[in-house]
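So, here come the structures, one by one.
Look at the two complexes coming up: chain A is in both, with chain B in one and chain C in the other.
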Partner chain A sequence: MTFFKKPRKLLEQKNTSNEDKIQESSPSSQTDSVNTSHSLQDANSKQNQSIDDLLKDIEKSFSSSEDLMTHWIEMPADKSRVALIFLNSIIDKQKLQDLILNPLFELDKDIDLHTFEKVINIDFKQQTDFSKIQELILQSYTLIFTKDTTCYYSVFTPVKTERDIKEPDNEAVIRGSHEGFIESMSTNIALIRKRLKSPKLVVKYLQVGKETHTNVAMLYMSDIANPDVLHEVERRIKAIEADSVMTPGNIEESIEDKTFSLFPQTLSTERPDRVAANLMEGRVALLYDSSPTVNLAPVNFFVFYQTPDDYNKRWMLGSFYRMIRLFSFYIAIGLPAFYIAIVSFHFEVIPSALILLMKSSLENIPYPPLFEALVMELTIELIREAAIRLPTRIGSTIAIVGGLVIGDAVVKAGLISNLMIIVVATTAIAAYTVPSNEMSLAVRLLRFPFMVAAATFGFLGIVFGLILMFFHLCRLYSFGTPYFAPLAPFKIGDLKDTIIRLPFFKMNSRPSDITPIKKDEDNHTRKWDKS
Partner chain B sequence: MRKATLLSLFSSLFLLSGCWDQTQLNETKLVRAAGFDYIKNGKIKNTASVPQSINTEAGGVGQVNNQVFYAVGNTARQSRIKLDRKISEQVDASKNLIVILGENAAEHDIYHILDVFYRDPKSALNARIAVAKGKASDVISSKFEETETTVGIGQYLNESVRSAEKASIVPTENIQTICPVMFDPGQDFGLPYLVPEKNDVSVNGIAIFHGYKMVGKIYGAQGVMYTLLTGKQKHLSMSLTKKITDKHKDRILNYVSIKVKKNKRTFNVNVSPDDKISAHIKLDMKVVITEYPRDNLTTKKKIQNIEKALSKRLTKDANTILHDLQDMNSDAFGVGRKLIAFHNPTWKKLDWNKEYPNIDYTASVNVKVIGHGIIE
Partner chain C sequence: MNNSHTITHRQLFFIIVQSQIGVGVLSLPYTLFAKAKTDGWMSLLLAGLFIQISILAIWKLCEMYPKQTIFDFMPKIVGTKLGVILNTLFVLHLFSVCVVLLILYNSIVSKWIFFQTPRLVVISILAFTCVYCITCTAREIARFLMLVSPLLLVLFIFVAYAYTDVHLLYAFPVGATGIKTILSGSTDALISLLGFDTALVFLAYTQGKSNSKLKVISYASLCVTLFYCFVTFTTYIFFNPVEIVIVPEPVLYMLKAFSFKILERTDLIFLSIWIVFVTTSLISYLFFTAKGVQSLFKLKHHKTAAPYVGVICALIASIPASKIDVQLWSKLIGMSALCCSALFPIFLLLIAVIRKKKEKGAVST
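After this line comes the complex of A and B, so read on.
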């Protein structure tokens, strides 16, 4: 391949006359083409027509869209003309300059049409299929037509539309990496490979969606992940038969074990470090085209309560906050229900010193506690939903109006007791401590059945509700692995990174619920201590 | 299909009425102090104090309006049902703090009144129980100075008894703790004895029971000795002021105040071969001198003198109590229980009610001073 040192100036200055010509000619060609009904499909059969005719056909097929540009270059060697055609809006002009024009002019007189392939970089391809012209142009290729009308050349010159790599807003951490996935699959894979520099990391591309052709990449560690699980994930993805698969949610819903469950069965994350850590435990990561969300499978319930932050704290603090988070699960699903049960069935459990306080705050509330709780919980959900949609500048206003004004006024008006406000606020906060958004949503919805159960049967209702919930959790599977592991089935060894987080040198085996083929994990980080 | 049938059957359950219903906190009246008296024709008069907090703008507990209701019935339950008819909302006794028995009620069988508490699963078994001088209704319905500012008469009486318990003037008892003792033939119990005065109630002593009936009282400071004799381990504010000498003209100089830091009881019941029963309680006390106006506790000898005088004085007090108890025929410290446990053949032979007043029942107290405050 030839190496080019000098960059060339932009083409436009040299070929202004040509360009003018095109612009002049384009309106005329438009009028010409009104009666002629060429379609590009015909172009293939007439592949021996002249360049000008071909270009006219192309223009027509794009309904003379004004961002379709044609550039003419005159070859210095034989004075033959070469046409570049592309969609102005989706190609990178700098790339066009660097990849095509500069090399062409660098070669200057030596250039021959058939030396093109030597000249131009790896994205350069000779094409002979004239029916693909339209498709290629639409996929941000620049096409080059020469006087040799049996073939043409294509160069991939996409405009870069990726955003920067930023920390995901919904999964921020205090310490640790602040990188997050973006909408480009190759960048995302690069971010993971950057963390797992191992030849054992395997990428497997799959395609779903008959029309959308959405690319899905399956990543796993070949020496850790269980082939049965891999096979199962692949089988399920391949079984998807749909015209369009637009969002990760579509795929998630298609491959999860039980769609009629509140609990998410794959872990969605936008953090490369979280994905890398889970790959090392033997999970499979699914990356999608133009989506920053990565799904991890198989998962268990406790994975949703882990966050990369845990591993950057001292292990005792990590364990403490892990336990707080798990405790918040109970608060989020049970506190309003518990309160309802107490004030409408079992107020004898309220401590003596507190009873008059509670009674006086409830004394003049006209509604039953269930109604009171439902109104407040729905108000909170309303505020939350509004806060997502609102631009950030108004967001804080809504927080004040929603939180303070409604909260205060509702108590002063005597509609809701101030204890209920405390309960609802605590519950709302508890639901947001879950590091995973899906689990947080599941937990928020779960509290409503519990509230109804508490209002009908008191503590008994809550107990029945919990029994049903644990039934469901124990019966749930994620790609053939138990969802509620390591509690059901109980594995004491696997508790070390679920309810608590032990120091790293204690974690010398991978969680067994994912059934990794390499069980041992080398974490002997404190060998210096033993000598 | 099967699933749909099951689901529809299951969901129809929600239309059925349950076997229990809500008892909303804001639709109940909480009884916080209950009093029981017998009136002339043998009926029971139930007095209940229902504090009603006056709602303030900011919420929370503001002033408390103390409502007192009466009802008369043939039994305790009936009187409570009648009470319910007089009160606007549903009456609930599950947060009751204290049960007051009038003196005449206590002298009858108290189980007849307490039965309703033991039978109801929702009743407050940790409520304190006390005997009032005169009528319980007087104690509950009087307007005491302190109840204006605290949260109701129930709270006030409860706190009074509790502070007395802390000071070891009365034994710590509640409805539940007296229950097994009440049924035990080998043991009796004592309850706080309240005396209503003009503006307040004073916990004035201990009402001594035998079986289900009140048989007498122990007054004032003797209560501390009684509590010590029950073997209560220690309590920070268990203090006594005792006269240990008559030598000084200045009355104040004859006294010493101590605080009991540690109290160890050794309780021996012996049966001689000819079935004579003797019981002996030995108390080893470690005390701190909290007041000694004569001062100069510099030498060991002086302290030993005080120890000796105190031991002598307290032994005398203890023996007085034991004699009183024997006179009342109340086996409050459980000599009978020991006999049942260790000398069962003897126990079976005798009629304890007749035997107990005649047994050889003595006490000795050994005081050791382990501290004298921050001055000597």
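After this line comes the complex of A and C, so read on.
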């Protein structure tokens, strides 16, 4: 924003078409796409009220909230009075001074009330829609009323309350960008635009929450994303009817296909590079007001196992660690169950050399294996939950007390076998290898039904559990696209960035499960090698 | 028919394969041996040839009435009233197939894994799983059946491991039992190859050219026949002819003998994988049954029928208590299934063709 002390020379007359262009490019144009709620009744009848009456009405509509401020200024030219009205708590007073008061007082005597907007700044707009007053004030605008009661003026004067751009703690990478989203939507969009300098990146603003007026921005690549998917996402967001939509979780839950499923159906991330890469595959990104979380849809199961790190490694290493992560999925849900099944039903499966070892470890344990496992798993969850809530300095203490002391003592006391400690610890570590927090939580919860199934039916229980889980994955959809693609339905071409990661010059088509309209991806990065 | 319910050729192939490979694979070599001795594998190949005729009939029927299941076109062929009766009988036959699948699954599980667990419990967990699985469209079922198909490779490798210790001489002399016994053995083989009849419902959902559909089903049946033949032949050259008579599940006994450094009882792992195949065959048969019940009671969606079908099958399947009962039930239902699944489509096709000709004749005169 530029500030100036001296007013520019006045233009002759107001040129409306010019004015419109300025409005479009300004960030405040987001309000245009929003449906206003007519909370000031009989908006149009207000048009011819006197200023005093109008201000009184506004004050009343805000229930005489004390941070609603009204300032009266007398114009030097014709001694007419001008009223400024704004919410004290959400505007930047310095900006108000610089953008409105200073220019106003430095105006020449020949300034006309109807044209003074020209000298101020780009965010300055003439408004005629009196039903929007409330909404504009709530969005950090300062409104200016003059004696001309057919219109008023608005200036965008938001207070800046942003933190610095930092790497998100739960999605850290070794190599690659260390930028993360923050609580400001416009900064977040800027971070994405910085990576995708393409005119085809489209931003669409929506608003949800009748009282909270939460802004949601929908980002997509117009030449890649499928219009059907876009339409579906937009339709679902617009269908949200709620007083308050506070967190991304609210919206996520309202728009996902199946709420009664453990598996997350949108990918939340705080990494701009991850969003940019997914936008290029044809996904839609949803950004929210005052939230660093961005949701990506539609997703499939394997997206949750990709991390930006994979693409900064050599491709074989990237594939190896991708496979390790997918393998950890099975360990995390199945290892305790498998162990329980073996020790309580199928001792015969273990080779004879191991039997004595296991027997000696298990012999003096008073509890059944299921109980042992449940106790230890719940303890680990307890430690995890406590570590999140505690300040970081105490957190490490908890890890030591919980992990080492409890683990050691429990074995020494003869309550839990040391094999069970190994199993539980491995499982806990495996669950943390998932790059997405939501999927990690889902996996952690899934292991409990598997443990119970294994304790009641042994291998049979595990097999039926797996059948149910995989069938559930097969019939799950994310915005109409199959969730377990490319394994079900099977598409061999799409495996290149799921279970393994092939080198870039092999990735010449986008994954087909998100049905992008532009299938080909130009990744011919090694053309020099052809000759 | 909704466009989003269709399945592809590849999916049809795996549906047929998964429906055909089921409970039978474990005890097939034993039952064949009881009739045709070491020439059992030839009976199997013959049976594979026979079912090709049924497959042709099924395919022709579905070609004449495209995008319709057997329950839709049955009244059109034999008339509305008779159609309803035949549909009811066919649904009963499907019920009986589901029941016999559950019974045989229970008899193996109670023999090998759970000796004490009540029948109803063992049967219920399978029935419950399958009921959950069939409450969706054919497309999702097809996706799942395709997803678990790589497990077939694991089965194959397990069985192939037996070739470290086989004696080819056991299989000789080839054809010593005579053609008659080989032929009579093939009826038993036919029963274990049943499952291709699910095409009667899944063909209605399949997209694409009619000729390639026939190819797909035939290939599927060929693959299953060869796989069964491979399993049977392997057990015949692994055990000597005197041993097989005393091992009712030769495949499991064979695997039980193998032990690796990290795995002692291979047969338990094999059984766990085998259960997946039992589930998949039951899924496609239960889906077939639920579709039948849907059309009988004119339900909006087969979802509503699914739980009832599952519960009824589970209850009936837990009736037979002794081994003799199980044998009797499986024999009776096996024979009736043979008639309904393999022979009935051929008769139906004959009637349909005659009827069409008559209609043509009536039009021309």
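As a working rule, the second predicted complex is superposed on the first by the 375 of 531 C-alpha atoms of A that agree within 3 Å, B and C clash if a C-alpha of one lies under 4 Å from a C-alpha of the other, contacts with A are read in each partner's own complex, and residues count from 1 in each chain.
Definition applied: a contact is a pair of C-beta atoms (placed from the backbone, for glycine too) under 8 Å apart; a residue touches a chain by one contact, two chains touch by 3 or more.
From a predicted model like this one, the values you see are computed outputs, not experimental measurements.
Within the superposed three-chain model, A:N418 lies in touch with chain B and out of touch with chain C [touch as defined at top]. After overlaying the two complexes on the shared chain, residue contacts for A:S352 are found with chain B and with chain C alike.
When both complexes are overlaid on chain A, the residue A:L267 reaches neither chain B nor chain C. Once the two complexes are overlaid on the shared chain, A:S360 sits against chain B while remaining clear of chain C. Once the two complexes are laid over each other on the shared chain, residue contacts for A:P369 go to chain B alone; chain C is not touched. Judged by the touch definition given at the top, the superposed model places A:F457 against both chain B and chain C.
After overlaying the two complexes on the shared chain, residue contacts for A:S344 are found with chain B alone; chain C is out of touch.
Shared interface residues of chain A (contacting chain B in one complex, chain C in the other): 345, 348, 350, 352, 457-458. Partner chain C is touched in their complex by these residues of chain A: 345-346, 348-352, 457-464, 467-468, 470-471, 474-475, 482, 484, 487-490.
For chain B in complex with chain A, the residues that touch the partner chain are 14, 18, 22-26, 28, 30, 51, 53, 55, 57, 59-62, 64, 92, 94-95, 97, 122, 124, 151-152.
Interface residues of chain C facing chain A in the complex, by the touch rule stated above, are 8, 10-11, 109, 113-114, 122, 125-126, 129, 132-133, 136, 140, 143-144, 146-148, 259-265, 268-269, 271-273, 275-276, 279.
Contact residues of chain A toward chain B in the complex are 342-345, 347-348, 350, 352, 355-365, 368-369, 411-412, 417-418, 455-458.
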